[in-house]
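So, here's a batch of structures to check.
The following pair of complexes shares a single chain, subunit A, combined with subunit B in the former and subunit C in the latter.
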Partner chain A sequence: MKLKDGFILSRIAGKVVAVPTVGDLDLNMMISLNETGAFLWEKLQNDVSEEELVCALLQEYDVDEATARRSVTAFVFKLKENGIIG
Partner chain B sequence: MIEFTIRAAGRSVSITAMYESTERFCKDYVCDAKPDFAVRIEPADIEFERMKSKREDRLEGKRERSFSDAYLETIAVQRKIAEHLFDFDTLLFHGSVIAVDGVGYLFTAQSGTGKSTHARLWRELLGDRAVMINDDKPFLRMENGQVIAYGSPWNGKHGLGCNGCVPLRAICILQRGSENVIEEIDASQALAMLIQQSQRPADKSHYPQYMELLDRLSCGTAFYRLACNMDPSAAVVSYEGMSVR
Partner chain C sequence: MAERKASESSVCAEAIMPLIAERLAAGYTVQNLNFQGQSMLPMLRQEKDFVEIKKLPGRLKKYDLPVYRNSHGKYVMHRVVGVRDSDYICLGDNTYHYERVAPEQMVAVVCSFTRNGRRISVENPWYRAYCRIWHVAFPVRYLLKRIEWKIRKTVKAIIE
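Right after this comes the complex of A and B.
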């Protein structure tokens, strides 16, 4: 899976946010990301599997596998729910 | 076609338009300086504005409004100028800017919340000390860690504003309330509103600049949230809340 095109990630007022750059349907949409979210977002710029995301989290952060898996599942679910990954 | 030059946020813009009414609309901003950049309106730009307005009305569940080509041209000019001004550290913002003793305050809210009404209450409270800079679409220029608010020809349905500028002390997000309460908020709490109320790039390649300008805006001014009614005391609460720091 991979993020759909048309989002820009940026740091504003100390927060990491993703904003859509195309279309005006979601003109007012802004996705606020925490540190883990921003990390996963960067990974999802390329085509990756959930398994690969879990591995990446485990490499980058000091977390156990169950926690990493839960984070990834929850994050991916939210992105799918909002139509941000295809 | 008609051609004229105006001053916008400290820059000179050459405008080539189809309707003379557009030059009249901009009359307070006409200058004869050498242009920093040029915009030109084509029939397709007017059509774009017509379609965009209809689309937005539909999205908001409103009846589709229809506008004259001459009016739509003024909006097209606004959009094109704002697109160029990203290069000059400037955003077009939706709100009312009022200057008091040379210090600027910007009220922003969804249309119909009562920005203009609240700005009027300030003028009634403060009399000659208060000067309207713009009542709808001021330019905000980020300059050495400061935010400077500039008037623009797009000054709302009552035409309130002037061709002047003022350093901005605060952005105040207005909400209706039964009581008048103001609180200072963190810039990050105002972020969704800043994105909503600023003109976003039409050209995707301008997004990095746009986001950087929002960040500079968030650092360059204070932010408040005001719940207010239409009573004159609302102005007392918000003025005292923001002017005494």
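Right after this comes the complex of A and C.
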């Protein structure tokens, strides 16, 4: 899976926010990301699997596998729900 | 990890104004903008209603609802109730003092708003009627407000 085109990451008031880049700007479509969210977002610029995201998270952060898997699943679900990854 | 911006109150409109300005300049609208304060009651309720703004059309008309930067640098959304050669007179629907606003302070203008989940264009005839009636009723509203202030003051004095 991979991020669809049309979003950029922007730092607003100290927060990382994914902003739609084209057309009318719907502020409800802006997504605020925490540090790990921004990390996974960067990984999703390329075509990666959920398993690869879990591995990347385990390498980068001091978390156990169950927590990393839970985080990735929730993040991917959220992005799919908003039609941001295909 | 990821959450909808609308529920993120700490990222307020002020912080994203550069982004908004950039998108408006490109000719796009900005939707679902929220706001703080009670000054546009009864039309707009904080955290319940949202507005859509667009680039300024040039000269504003009476009853247009612009977003402008006031003298303290804050973004304000109050209605135009007077158009003069050199500036505009603005007034919140729930405020009682007029503000002079120079054209260069204007940033954008509301083109629609969402109330109870329903999008209403500023061209809607019922909305236009509301603007007129509400403004014409200003002297009566002001009088009633003064009476309310007097009563409150009297009650407070008695209690203290």
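Going forward, the second predicted complex is superposed on the first by the 81 of 86 C-alpha atoms of A that agree within 3 Å, B and C clash if a C-alpha of one lies under 4 Å from a C-alpha of the other, contacts with A are read in each partner's own complex, and residues count from 1 in each chain.
Everything below uses one rule, namely that a residue touches a chain if its C-beta (ideal position, glycine included) is under 8 Å from a C-beta of that chain, and two chains touch if they have at least 3 such contacts.
As the structure is a prediction and not an experimental result, all values here were calculated from the model.
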item	value
Fit-or-clash call for subunit B and subunit C when the two complexes are aligned on subunit A	clash
Contacts of A:Val48 with subunit B and subunit C, given as first, second, both or neither	neither
Which superposed partner A:Met1 touches (first subunit B, second subunit C, both, neither)	neither
Partner chain(s) touched by A:Val17 [first = subunit B, second = subunit C, both, neither]	both
Partner chain(s) touched by A:Leu58 [first = subunit B, second = subunit C, both, neither]	neither
Subunit B versus subunit C as contact partner of A:Ile85, first or second or both or neither	neither
First (subunit B), second (subunit C), both or neither touched by A:Met30	both
Residues of subunit A touched, compared between subunit B and subunit C (which is higher)	C
Residues of subunit A that lie at the interface with subunit B and also at the interface with subunit C	10, 12-13, 15, 17, 19, 24-25, 27-28, 30, 32
Complex contact set, residues of subunit A against subunit B	6, 8, 10-15, 17, 19, 21-22, 24-25, 27-28, 30, 32
For the subunit B and subunit A complex, residues of the former touching the latter	52, 55-56, 59, 186-188, 190-192, 194-196, 200-201, 204, 207-208, 211-212, 214-215, 218-219
Complex interface listing, subunit C residues touching subunit A	1-6, 8, 10-12, 15-16, 19-20, 23, 28-34
Subunit C-facing residues of subunit A, complex	10, 12-13, 15, 17-19, 23-34, 36-37, 40, 71, 74-75, 78-79
